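Below is one structure, written out as structure tokens, with a few remarks after it.
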Amino acid sequence: MTQIDQVDQSTPASPSRFQANLAQRYRADQIFQTAALLSVLIALFVLIMLLGDVFITGFPRFIQDFPSFLLSYPSRRAAQAGILSPLVGTIWLLILTGLFAIPTGVGAGIFLEEFAANTRLARLIEINIGNLAAVPSIIYGLLALQVFVRWMEPITGGRSVLAGGLTLALLILPIIIVATREALRSVPNSIRQAGFAVGTTRWQVVRDHVLPIALPGILTGTILALSRAIGETAPLITIGALTFIAFLPPLSPIIEGLRSPFTALPIQTYNWISRPQPEFQNNAAAAIVMLLIVLLLMNATAIYLRNRTQKIRND
Amino acid sequence: MALTAALVDTDTVLSVENLSVYYDRFLALTQVYLNIPQRCVTAFIGSSGCGKSTLLRCFNRMNDLTMGCRVQGKISYRGTDLYAPRVDPVELRRQIGMVFQKPNPFPKSIYENIAYPIRINGYQGDVEELVEQSLRDAALWDEVKDKLKQNALSLSGGQQQRLCIARALAIEPDILLMDEPCSALDPISTARIEDLIKQLRTQYTIIIVTHNMQQASRISQMTAFFNSSSGEAGAGAGYLVEYGTTEQIFTDPRQDLTRDYVSGRFG
Amino acid sequence: MSENLATSRTASRWKPRRKWSQWSERLVYVLFGAFALLSIATTAGIIASLVFEAIEFFKAVPFTHFLFDGEWTPLFANPQYGILVLISATLMTAAIALCVAIPLGLMAAIYLSEFAAPKLRRWLKPSLELLAGIPSVVHGYFALIFVTPILQALIPGVEVFNALSAGLVMGIAILPTVASLSEDAIFAVPQSLRQGAYALGTTRREAIQNVVLPGALSGIVASCILGMARAVGETMIVTIAAGQNPRPIKPDLSFLDPRLSVQTMTSFIVQVSQGDAPVNSIEYKTIFAVGMTLFIITLLLNIISFWFVNRFRESYE
């Protein structure tokens, strides 16, 4: 930003017909700048209050009889309740969502940026993705309720962890597509030309030269999208995630696991918040601590990857 | 307006007949007739925006990759119509290599930069041997033989450009297209590349676009001079003014425009 | 195909698998193209599934009743379906949220873009994005457990579940969206405009207010509209903190009292979904009718924002 040095107001240069009234204007400037700074500080202050409140309430419960809070099923008695099934459910959802959303999102991004750039189809999809980004997540839940839970019940088994994964994948697909396109766009065109000039097809150029450079950027966007997915509550409630589950989806046969009912950390948290007893609300805070730890790890990975690429670019 | 007389009696590799190129509705190059002889250096000269690079990019169909680019007319490469539907542009680019204005090595190791096109094009012989041979051909081997595993981006600009030449040579092309290969380089690096081109012209057909008339006169046997019809801000269509041996273009040009340009009185 | 090209002298040494690479090229094109079409299919699926059930709903409930009834009691014995009840609650909470998010978000954006040192900016912007990454269920917890008791202590008559607390925290939740998008727009105003203003003897604030902000106006308005779309569609905060109490529309405007518990469109959908409504029941169809209303509102907001950006975009060429 351009710096304006404090002007020496005694300079006689300004003719008397101008009354610059600098003192008053600088005071207004001062107030304006302070208000702007204050806005940032308020936002950060609320963030600290929020995290502080959650950790002060939740951390004792979380650490109290570590690790039994992590290893117990939800229970009617607050002191014995744990987050085993929600935590495992969230991990299932994370894996399934990634499995569905990453290949399709990255593939679609590659198609739009490398194979169909500037075509009418690409522009149509671009507008469409812009619209999808503004659609509330609960609407995705209604779509999933109709398609994955009702119509595809023979495959998904209805209100299952598979349906949950598909729902969240659909939700974050636009985010991954946009992130992929941005990462691909930042790869200099000269690399593509070099590839073509030595006799390679478009896919070979993308696979061997463009993707490796864009990969960290794509990964960063993907991790952020996944972290958005596992914090989602509303669409999972809509498709009927349960709140009291005292078993884990079986790992073998895997199809049984995919089709079994599920719960997840945000769902369990919501359930505990809605109970009047303060003990359960402490449990909610403790579950939030776990959720935030998972999110923090994912965000830290994303930021680390982003910084590492920037460093490589600067070399 | 274009001279197409057979000025050199060696075999013609590329022959251009009535070629026009459009970018969407903009006519970039119009009615070019040109025969490129085998195993010598042909230089394309002329001011910016007169279609030299556009023509060059028609030879290996890099223009296919530009949205809205249309080519009319005919280019024959050793008797084959380059734009015939059955010609695979990928295979074509294996046989007609290209070096770009700015060095564009892959952000991989020096070795991998050369080995990649060799492998992807299904070379039947010893890859390592061909890598070494290509680097030697590009006069780069002695400088990089001890650091083949290093990232190509660690090389200097001139070295990077010679690496790009080596990469183009590695797949044993018939023709080498060079699009202002020295414009991003310092005079010393430029001199080395020019020496290299002089060595290569005994084995390869080279077409080079250059802004530097001294360079054209130093390294080429044939010269084609292009201009654009309006000359204002590159808004007009480019066309071929005169084509002949370099000696003739520089000492006895037949067109006034050419004389003005080569004597520096242009514009 | 290569046989159509004249063979160069070394051709025999090269055996590229062109057939195979052409095949994989085709395969990748078709497969990835299908993935790209998936996003179109999602939009189509959303519209189809909403419209399909909404039509069923309107077979049972006349459209005029849906639009003009003053009460929303779908789960009672004598149900009434006045969507205005839910819409008014939704707009009220969204308005409260915008009262927090727009001034704070815009001023924060101005600070980041115009005042913060580059080093500070590098720290603050990711922190703001971190704030955007907090799940809404956490915000809901914060509203109910932390903010509501404070409001109850300060303002008389605040219920345990109330629109005010939900709206305020929702404002905090969408603040990063507004701030981040506005900051992009402000940062994109070219430096030359600022320098032009300074050269005329303006102070920093005057340059910002008279030159920079007008230049970034379309982006700022778009960010505010997108923030509003977020607020309208936000679910968990209002479900947790604002309760499930649809207030009948009365002339005394009591339904707009932010101290009381209200029900928004989103929290109604959650309420019914939790109850495990059987397919084909009227409750099941109702959530799709409400969902369609919600979808139309957010779509309209999105179109307005899109139109605004295109209509008022300054091009600095």
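Each chain carries a letter (A, B and C) given by its place in the written order, and its residues are counted from 1.
Definition applied: a contact is a pair of C-beta atoms (placed from the backbone, for glycine too) under 8 Å apart; a residue touches a chain by one contact, two chains touch by 3 or more.
All values derive from a computational prediction rather than experimental measurement.
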Next item on the list: If every chain is a node and every touching pair an edge, decide which shape results: line, ring, star, complete or other.
Entry: complete
Note to self: Based on mean C-alpha positions, which chain is nearest the centroid of every protein C-alpha shown?
What the structure shows: A
Check: Which integer distance in Å separates the CA centroid of chain A from that of chain B?
Finding: 48
Check: Measuring from the mean C-alpha position of chain A to the mean C-alpha position of chain C, what distance in angstrom results?
Finding: 14
Margin query: Roughly how far is chain B from chain C, centre to centre by C-alpha average, rounded to an integer in Å?
Written below: 52
Check: Which parts of chain C, given as residue numbers and ranges, touch two or more other chains?
Finding: 16, 21-22
Notebook entry, point to check: Got the chain A residues that touch at least 2 other chains?
Noted result: 199, 201, 204
Checklist line | Touching two or more other chains - residues of chain B | finding: 90-92, 94-95, 120-121, 171
Next item on the list: Write out the stretch or stretches of chain B touching chain C in their complex.
Entry: 77-80, 84, 86-88, 90-92, 94-95, 120-125, 171-174
Item checked: Sites on chain C touched by chain A in the complex -> 16, 21-22, 24-25, 28-29, 31-33, 35-40, 42-43, 45-46, 49-50, 52-53, 103-108, 110-112, 114-116, 124, 126-128, 130-131, 133-142, 144-146, 172, 175-176, 179, 191, 194-195, 198, 201, 203-206, 208-209, 226, 229-230, 232-236, 239-240, 266, 269-270, 273-274, 276, 279, 287-288, 291, 294-295, 298-299, 301-302, 306
Next item on the list: State the interface residues of chain C toward chain B in the complex, per the touch definition above.
Entry: 1-2, 4-6, 8-10, 13-18, 21-22
Checklist line | Residue numbers on chain B that touch chain A, as the complex places them | finding: 60, 62, 65, 67, 90-95, 97-100, 102, 104-107, 116-117, 120-121, 153, 164, 167-168, 170-171
Next item on the list: Show which residues of chain A lie in contact with chain B when the two form their complex.
Entry: 117-118, 188, 190-201, 204, 208-209, 213, 315
